[in-house]
């Protein structure tokens, strides 16, 4: 396994309220090249998991092992290697890019920080190359984030994460803030990248339909606990837990026949 | 314009345009451009579109909520043009004939006022006595499935969950017994299970009361499950308007078709999502001709030159040159 | 995969129209700055020499603001003094802003104990009346304009440090800062490249208001004798030199006093104007 999350617990305290436990013994693992979906409603703890996965927060107990290293204890050179190999795309395409840096600086920052390309000219070439890969025009690298639409910003964020060649990409609700027609572009891009680069993806989302489309295996979270986990077909076609079933039943389907029928059935039941 | 099957229209909108003034500039920015639509008594209509399509602005225009917006055209509500009313007359319509609920219930609830008082307030303003107003508030909260409503009249908004708050806001909207409810993305901020409950509730209330609903959303799944008719907006115009079954089965406008194919499905595995290239234009940068032409795979010369008119196509209304050519 | 280009028409930056009053304030500030830069070149040499025969003359066509006890033209002495006053104030504000930015950055970036320690130090700095502390410093170093500037520079930083540290903490909550951390940037780069540039806006507003305030404090220090010394045309020193003539020749005191008040108020108002223009919630940017 590339990444193993083993029984992590985490609580937040906000004085004067008593501490609230947001994660209870959460475990799952990720194989190389696998696309794993973490789904849950608000309060399920999925964003906290993302923070712990990215070593931005440490669990109180349990461990997160990446390629043999304990993520929450990594320091110095070891942490830097982790940062290079595990990258992240955030939800908000408007807040996740430093507004005062040009696209070239933004995408090239990882190359600079990890000293992957010593010269500015080589860095620029690599930036242009990755921009083409994610469907951006390299001529736009002199521009600043404010002149891009939400979907384009998400492409910049993906390019910024991928340019240093990570093995895992953690995506925290990367399409939730995008319009439907643009959302599909970004989903397709992530899928292409995953296949082309053999990338492992942890895809955190509340939208089960998006997760079904993108992920091979799924972890369902509810109030900080893993409710059910398994391959895509099991979760979507044969959910075992009542919570998963209820969640799936509530997702609207863009087909009036099915939507109506489901609603009518429910009315008969109640 | 779209003939409703059974009833006379409750609202008839003709040539509605909305211009927003720009800071410093003289010319306004045209957000909604010359749209026509009607809603029959008790009809559930969805208005779908992406950000910047003008769907929310259209909804707010019907309520005349933006004091700075310049509205032109006609909005007939039971035979009276709302755009000719004075602000005082319009206030009479808001809440009693037309009510509105929004995405964020918390911003419409006064944190320092009890739920009971807030729901009753709509009635109190209209001169209905305390006891009577409270009684009716209670019955509406009951109808909307607020558990132990009588006990909770004295509760404050922060004691309620998101879904319950949205019910309270709905109660505030419905207590005045409106004929039209405008719902602007009321379930977008909710978790799916709560969204589902609120939609069921709206469905029930609308059927029971014969309440017409104009439901603004970007979620095609919600449209399919809730609406009888769907209007698709793109860049300030209605590009397709028809029965929800017909539109989903056989979308006539390339934008509608692309949109439906772009939605991932919970009930099937799709190999590849269809992605409409590009992004919706900003209102200040609309292309010439059909606003969708730069993203449309079927566009031809006429699309780049001429704005398509909204024309009837097999029981629907569609604004697309492809259909005009076939018809001619 | 299709290539998409950046939007051609990025939304134009919106500007708020200037009211006549705002325009007047900006013109006034420009006049003051021009006077400070070029005034001394035009001032007649006679303002540095005495001409007792012409002393304490009331305002007239020849001497717009009258003359002082040494027979020097009050108007031209004010113009010459503008440079000393404004330049010193700029220097003071620049120096203490640098100190404030450094302390704020270290506090925001450092471990919690260091943050706590620096903020307690800032609290002490805020609690002490800076005028009194500056007075003590200046007195200890010997009264001169230089001591007044140094004294004010080392006592003026706490408000800047407190304000900026708060803003930086807020900026550190942004997603793009988390993004930079995830990318593995060093603490130094995180602060200087990501946090600081996105927090400094507020100082631009504060800067103008601070200049106004400093002009006032500096004149006060000179007036009570620990700043610039007569016969320097610095405004506070000028008032101090003329205070014996309030009842007999009001212009020798009122004119420099008005100069201090107007300059101080003008820069304060300039701060407000910039603030309105930069606050997105008020329609600026």
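Think of it as A, B and C in the order they're written, each chain with its own count starting at 1.
Keep this in mind: contacts are C-beta pairs under 8 Å (C-beta built on N, C-alpha and C of every residue); 3 or more make two chains touch, one makes a residue touch a chain.
Just so you know, these numbers come straight off a predicted model, no measurement behind them.
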Furthest chain, CA centroid comparison against chain C: B
Among all chain pairs, the one with the most C-beta contacts: A-B
Chain B and chain C, separation of their C-alpha mean positions in angstrom: 53
Gap in Å, rounded to a whole number, between the CA centres of chain B and chain A: 32
Centre-to-centre distance between chain C and chain A (centres being mean Cα positions), rounded to whole Å: 48
Two or more partner chains touched - positions in chain A: 149, 151-152, 188
Multi-chain contact sites of chain C, meaning residues that touch two or more partners: 2, 4, 7
In chain B, residues with contacts to at least two other chains: 277, 279
Chain A residues within the chain C interface of the complex: 54, 56, 79-80, 83-84, 87-88, 90-92, 95-101, 109-110, 113-114, 132, 134-137, 139-140, 143, 146-149, 151-152, 155, 157, 160-161, 164, 188-189, 192
Chain A contact footprint on chain C (complex, rising order): 1-7, 10, 174-176, 178-186, 189, 193-194, 197-198
Sites on chain B touched by chain A in the complex: 50-51, 191-193, 195-196, 199-200, 203, 218-226, 244-245, 248, 258-260, 262-267, 269-270, 272-277, 279-280, 295
Contact set on chain A toward chain B in their complex: 41-42, 149-152, 179-185, 187-188, 206-210, 212-213, 232, 236, 246-260, 262-263, 266-267
